[in-house]
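Pasting in a structure now, in structure tokens, and then I'll have a few things to ask.
We call the chains A, B, C and D, going by the order they appear; numbering starts again at 1 in every chain.
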Amino acid sequence: MALSLRRARTIIRKTLEKGRELELKPLSVVVLDAGGHVQAFEREDGAAPGRFAIAHGKAYGAVMLGMAGTAQMQRAEGQAYFMAAVNGVYGGQVVPVPGGVLVRDKKGAVIAAIGVTGDTSDNDAAAALAAIEAVGLTGEI
Amino acid sequence: MALSLRRARTIIRKTLEKGRELELKPLSVVVLDAGGHVQAFEREDGAAPGRFAIAHGKAYGAVMLGMAGTAQMQRAEGQAYFMAAVNGVYGGQVVPVPGGVLVRDKKGAVIAAIGVTGDTSDNDAAAALAAIEAVGLTGEI
Amino acid sequence: MALSLRRARTIIRKTLEKGRELELKPLSVVVLDAGGHVQAFEREDGAAPGRFAIAHGKAYGAVMLGMAGTAQMQRAEGQAYFMAAVNGVYGGQVVPVPGGVLVRDKKGAVIAAIGVTGDTSDNDAAAALAAIEAVGLTGEI
Amino acid sequence: MALSLRRARTIIRKTLEKGRELELKPLSVVVLDAGGHVQAFEREDGAAPGRFAIAHGKAYGAVMLGMAGTAQMQRAEGQAYFMAAVNGVYGGQVVPVPGGVLVRDKKGAVIAAIGVTGDTSDNDAAAALAAIEAVGLTGEI
């Protein structure tokens, strides 16, 4: 099962709405498919120009390793050289902090990853999770 | 003047609508800001997974050089080593063919670039141009 | 739909068997999933050590662009700078010649790509195609 | 002496069988030859898409340095900047943790390296070691 563009777009909108509701700073949100490829992205007005790469890096590591941002951060804190090495083999594209959120279908298979950046990592992750649940899917932060 | 996210989103939607109207293959559309940074992107269902990089490459060269895709292609055909060298200094991120479209404001300043890929390069460019004009801006293909 | 490891393994075996039947040089065969990620690979005894990268490059371009090796070669011959630029955005990972074969399901969706190298490009592609058809799928060379 | 493809294939199968026996998560297993080049690889269904790079990184460092994963990890923990520098000269391709296992012949010469990823690093290494010993060779984890 793959996420349709329509659903990816809805997840982005709902993430941004949640950000407004929580009065977060301007957010940037990417949706990657189950192969780690960009499906949709939006950067809110007022966000810094380089936010695509951060959002992408959070989601990319999640889908490539099958490990969400929180678990990546724990691994980076406990064994920094391991996550540094992982980043080496993935071309420096991994940002191992919360805000990289796995999207699972009813059987538990990863079908996408959402990357959010702009506010604190925990708030970024919370906004994504709310959006994923709003469309009836399961998120892992 | 910068393109708002609202307007970037509208340009993407109208590009996709034009693609449906012309019965083009599934399109992927990126909007870069005047600094060459990703503002918004959507990849239609059925498009190949690697299309973000192609769309990005078309728009990136356009905004970085201030030269739309058609002019880049003419340069590549007349002086291939020059465009190869340009790609060297830009880290290989430039795809010099139509479908990289500059967006100008009323004074002629570049405020964004649209990158479209999926059908023939000429059709990609035509879909972007129609969308840019539909929101009252000037496109250069 | 994704190719199971069991089926990927069968395609590799049948490609190698076809190579023996046609008395081809030692072959190397990679199976990439629909996201361009390595699922299985085998290099026959006697093949040169660098064959993984060639097999991978043939299959990777096919799946990322949704365009099999023969079509990529035609584009490279007609518009060399375009395929060079495509290779730039994909990190130099594309080898645009026959032997990169798309695997489609009954609805026409790309579910994998096979990359074969070792003999002539045309023979490489023929061996992959025979293997794909032997497991009841459709190949595009 | 080099490992034949037949034997490499057997090591992969026995590693996966050991994983099932120990009820490990889905594994990915690569076999590199004595020059560090990919000979065979398999990724089990359900493994994350990016696992080839991790398996490869574990085996690559082992064969290039002649130092198995456990010794690399000890070096990384004691002298992190050294392993970071090693990764610099090897293009970021080294993942210095258990699961990169050297294969030695009866005279003690390195003839291959196995890279396993998917479960804990220690379990990854144990599965590889069991497979190497099952074919009558000596493994160094």
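Keep this in mind: contacts are C-beta pairs under 8 Å (C-beta built on N, C-alpha and C of every residue); 3 or more make two chains touch, one makes a residue touch a chain.
Being a predicted model, the structure only gives us computed values, none of them experimental.
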Per the C-alpha centroid definition, the whole-Å distance linking chain A and chain D comes out as 30
Let me have the rounded angstrom distance from the C-alpha centre of chain C over to the C-alpha centre of chain D, please.
25
Please tell me the distance, in whole Å, between the geometric centres of chain B and chain D computed from their C-alpha atoms.
44
Touching two or more other chains - residue numbers and ranges from chain D:
49-50
Category of the chain touch graph - line, ring, star, complete, other
other
If two chains touch, include that pair; go through all of them.
A-B, A-C, A-D, B-C, C-D
Seen from chain C, its contact residues with chain A in the complex are 33-37, 91
Could you please specify the touching residues of chain A with respect to chain D in the complex?
34-36, 63-67, 79-82, 84-92, 109-110
Complex interface listing, chain C residues touching chain D
4-5, 9, 33, 35, 37-45, 49-50, 52
Within their complex, state which residues of chain D touch chain A.
46-50, 53-54, 56-57, 76-77, 80, 83-84, 87, 91-97
